[in-house]
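Chain IDs A, B and C follow the sequence of writing; residue 1 opens each chain.
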Amino acid sequence: MDWFSRNLPYFLAGISVGGQYALIAIGYTMVYGILRLINFAHGDIFMVAGLLMVYLSASLPVFLAIPLVIILTVLIGFTVERVAYKPLRQAPRMSVMISAIGVSYLLQNLALYITGGLAQQYPAIPWVSDQITVFGASTKRVTVITPFLTIILVILLVILIKKTKIGMAMRAASKDFETSQLMGIRINSVISTTFIIGSFLAAIGSLLFFSNYTGVTPTIGTMPGLKAFVAAVFGGIGSIPGAVIGAFIIGICENMIMMLNQYVRFDISNFKDAFAFLLLIIILLFKPTGLFGEKQTDKV
Amino acid sequence: MKKKELIPGLILIAALLVLLRYLELHISPQSQWAMLLTVLKKGSIYALVAVSMNLLNGFTGLFSLGQAGFMMIGAYTYAVLTIPAEQREMVYMYYEGGIIRFALPSIVGIILAGVVAAVFAFLIGLPVLRLKSDYLAIATLGFAEIMRALFQWDTLGPLTNGSNMLRSYPTFKTILYPFIVSGVCIALIVMLINSTYGRAFKAIRDDEIAAEAMGINLAHHKRIAFTVSSFFAGISGALLAMFQTNVQAKSFNSAMTYEILLIVVIGGIGSVTGSVISSFLFIACSEWLLRFLDETHVIGDVTLPLMRSGFRKVVFSLIIMVIVLFFRQGIMGNREFSFTRLFSGRSKKSKGGKADE
Amino acid sequence: MSNDSVLRIDNVTMQFGGVIAVDNVTIDVNKGEIVSLIGPNGAGKTTAFNVITGVYAPTNGAVYFNDEKIIENYPQGKMRTMYKGENQGKYRQVLSPTPDRITKLGIARTFQNIRLFKSQTVFENVLIAQHLRRTSNLLSATLHLNGKEEAQMRKDARDLLHILELDDVADEMATSLPYGKQRRVEIARAMATKPSLLLLDEPAAGMNPQETDELTAFIGRIRDEFGLTIFMIEHHMDLVMEISDRIYVLDFGKMIASGLPEEIQSNRRVIEAYLGGAVDE
């Protein structure tokens, strides 16, 4: 029982962080599925959502601030696509990716300018940020909510994609971009929808993430962003269930490392971030398109 | 460089070195021009790493994002091997002076910085070069992150000083040093690109399947490009260590790789001279020319709005976005700067096809 | 096997999942011949080429080149996914050369959809083929210590372009040329690897009748001047009937006929395969 209560927080944290990564990873995987673009700016959208909450909650009650944060984040995600990616639709893929890196650079520098480089204290959200006790382990309520909320959102998303017209258009566009255009699918609105969904989930992810890790800095989006992308690749990029499972695996594994750290002689805590990449490289060597990715072959 | 450009080229290089030395001797550290020297030094170091990245991304078509990682390996190799023995007790104060008790001469340290980075690249390349495009990019980025964690690992502290700073190693005394080392390295890269191996790299970039049908062993040539590129990234890492006078693993993060990639893109993917020009411009803008934007200006009674610390970087990123969106070919496209072209005004037949697909 | 056998595809089967693209096919090509492989779209012709050139490893069967076995089946019939190396090590004893090794053996090919190096001139395209005969290593090539070899490479490339009457376009960007010219450049590039067997994948595709006539003469000429053996896939029946020594016909992966052009022309099964009629036997 002692072992259990000592290590439970790591499991809880793992599942919770995994859920947060999953919400970000979906944005990566959907965009990649349709545009074949690693949207490097996605992690920064997540960071911007955090900052918005910091500033909005300073002057507004939380129940108003939260929906506003979500709306503004979605608006930013939508705008980024329209301004930075849409003009490059006919350009080589590399150009779009560079543009994404440029947007990431811009968002970080804007955040640096506005915050002055100081970490901003994330507001406590009532109920969500409260301390609770689970099987004798003390944690914030957000830890417990996250996995459930994530799964509910994923199920809703899958229903959206499977059942609605826009979802069908999305699936068509990710199967064959060119042909779906010829079939009369309005590709720009499909892509915008994808970014709107991605940013919406990133905003939710950001609310959950920062309720646990309360300092928002301009570069804080980089690592969760990269890890969420790794999760998306790990699960097989383009596949939503793949991204979610990948994210949970990575979230749990990195907290397992922290758990193991209590028992081993060497301090291995600084491999927490690197481990996700190690896992990725190993999986890519055996399954080059990820766990649930479709096998691709070259046409000669 | 063509044969007939060799002589004017050499004269120009000599003149440039003399000019640099002159500037160095006559600009006092207090003057506002002192920043120019810093920009030139750092620019020359970034030029080398940008060209090495261009060799991979622009000439071989391998989308790799590990450049900062290989710079870090180079920087650490140099620093670890050249700290004078009597300084080690102080630098490695948490690790009882570390495990290395000797110090190598600076120039040996630089060469080994390249060699160690190349060895790492060779080993990493064995598995990851089988991956394609985005998968290769994320795997190399991942390796850089793993290396960064490894170098900061407390258990390796006696070798790498853990997450503490490495310092007190020999640095360069004159601006000529980074220019000459970078210049020689870039010249070597250009010679490689113009050799039969370089032609094979470009064939792989244009069409892997056709290149293989031409008898080019893909795995072998990709490995060569990756290893050579990392060798030079390692050397530029050593130069950067000398320039900064201290090294810490945490600064070699993914943002640094993105910066180098942006330099390559702004210069023009597939243009060596483009990368060089763009390195100096990039460093000058980010460190010097836009600096006035960070200060508050008052004209008459009006305080100019927006200008305060950090504004420079915002403007700078906006400039980058404009280049990325509207001048996709970068400064040079995939052409090279040439004297004959400049002086005779006769433009070479422009090359179609894009290198950056 | 006859003494002058250049290429022998021996009972080759190529299966992708449930689809059998090439079904137990045997083809012989002898020295100095021009042999054509014809058949409706999707008959498995290009797949057969990809087996010969090492792009796919066959499910079953073997390929011989100059009476030497160069390719043999994989036990379980896995497709070699290019460069991902998933079969490496698993089938060590099995012959499965990669495309570059096949080229080094002396088999060169062109592609159905032209694959020229797009950022390079015609001359540079041809020059790249010289790389496989280099004797210089990375260091000596980088330091340009191989001046003699480099000069020889350039001379060989120039000479070849001259013989093939392409020297007027040598410094043009390869992909800016008209379609017919691009086909010829691709053949020239394959020739530059100094093959003894040339595989042409639909060399006349997309050509007008005049270009096709020129190509027919061109192919005949290179066979005679270089002492080559040519194995080609083609749809233009005029071209096929005019220059082929022998013809093989594939339909749905199966060999339905083989023989001299006049025999094929009058073969009932071939006509039915092309017209889509039922075969009543």
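Following the convention adopted for this analysis, a contact is a pair of C-beta atoms (placed from the backbone, for glycine too) under 8 Å apart; a residue touches a chain by one contact, two chains touch by 3 or more.
What you see is a predicted model, and the numbers here were worked out from it, not measured in a lab.
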Chain separated most widely from chain B, comparing mean CA positions: C
Central chain of the complex, centres being mean CA coordinates: B
For chain B paired with chain C, centre-to-centre distance based on mean C-alpha positions, whole Å: 43
Euclidean distance of C-alpha centroids - chain A vs chain C, Å: 48
Interchain centroid distance [CA atoms averaged], chain A/chain B, Å: 31
Sequence positions of chain C contacting 2 or more other chains: 55, 82, 84, 111
Chain B residues counted as touching two or more neighbouring chains: 130-131, 209, 354
Multi-partner residues of chain A (at least 2 other chains): 288, 298, 300
Contact set on chain B toward chain C in their complex: 130-132, 188, 191-192, 194-197, 199-200, 202-203, 205-219, 224, 228, 270, 334, 349, 351-355
Chain A - residues contacting chain B, complex: 32, 36, 38, 40, 84, 87-88, 91-95, 98-99, 101-106, 108-110, 112-113, 116-117, 219, 222, 226, 229-230, 233, 237, 266-268, 270-271, 273-274, 276-278, 280-281, 284-285, 288-289, 298, 300
Complex contacts: residues of chain C adjacent to chain B: 53, 55, 82-85, 98-101, 103-104, 108-109, 111, 115-120, 124, 127-132, 134, 136, 138, 141-144, 146, 150, 153, 171, 173, 175-176, 189-190, 193
Residue numbers on chain B that touch chain A, as the complex places them: 57, 63, 127-128, 130-131, 133-135, 137-139, 141-143, 145-146, 148-150, 152-155, 163, 209, 253-255, 258, 261-262, 265, 269, 308-311, 313-314, 316-318, 320-321, 324-325, 328, 354, 356-357
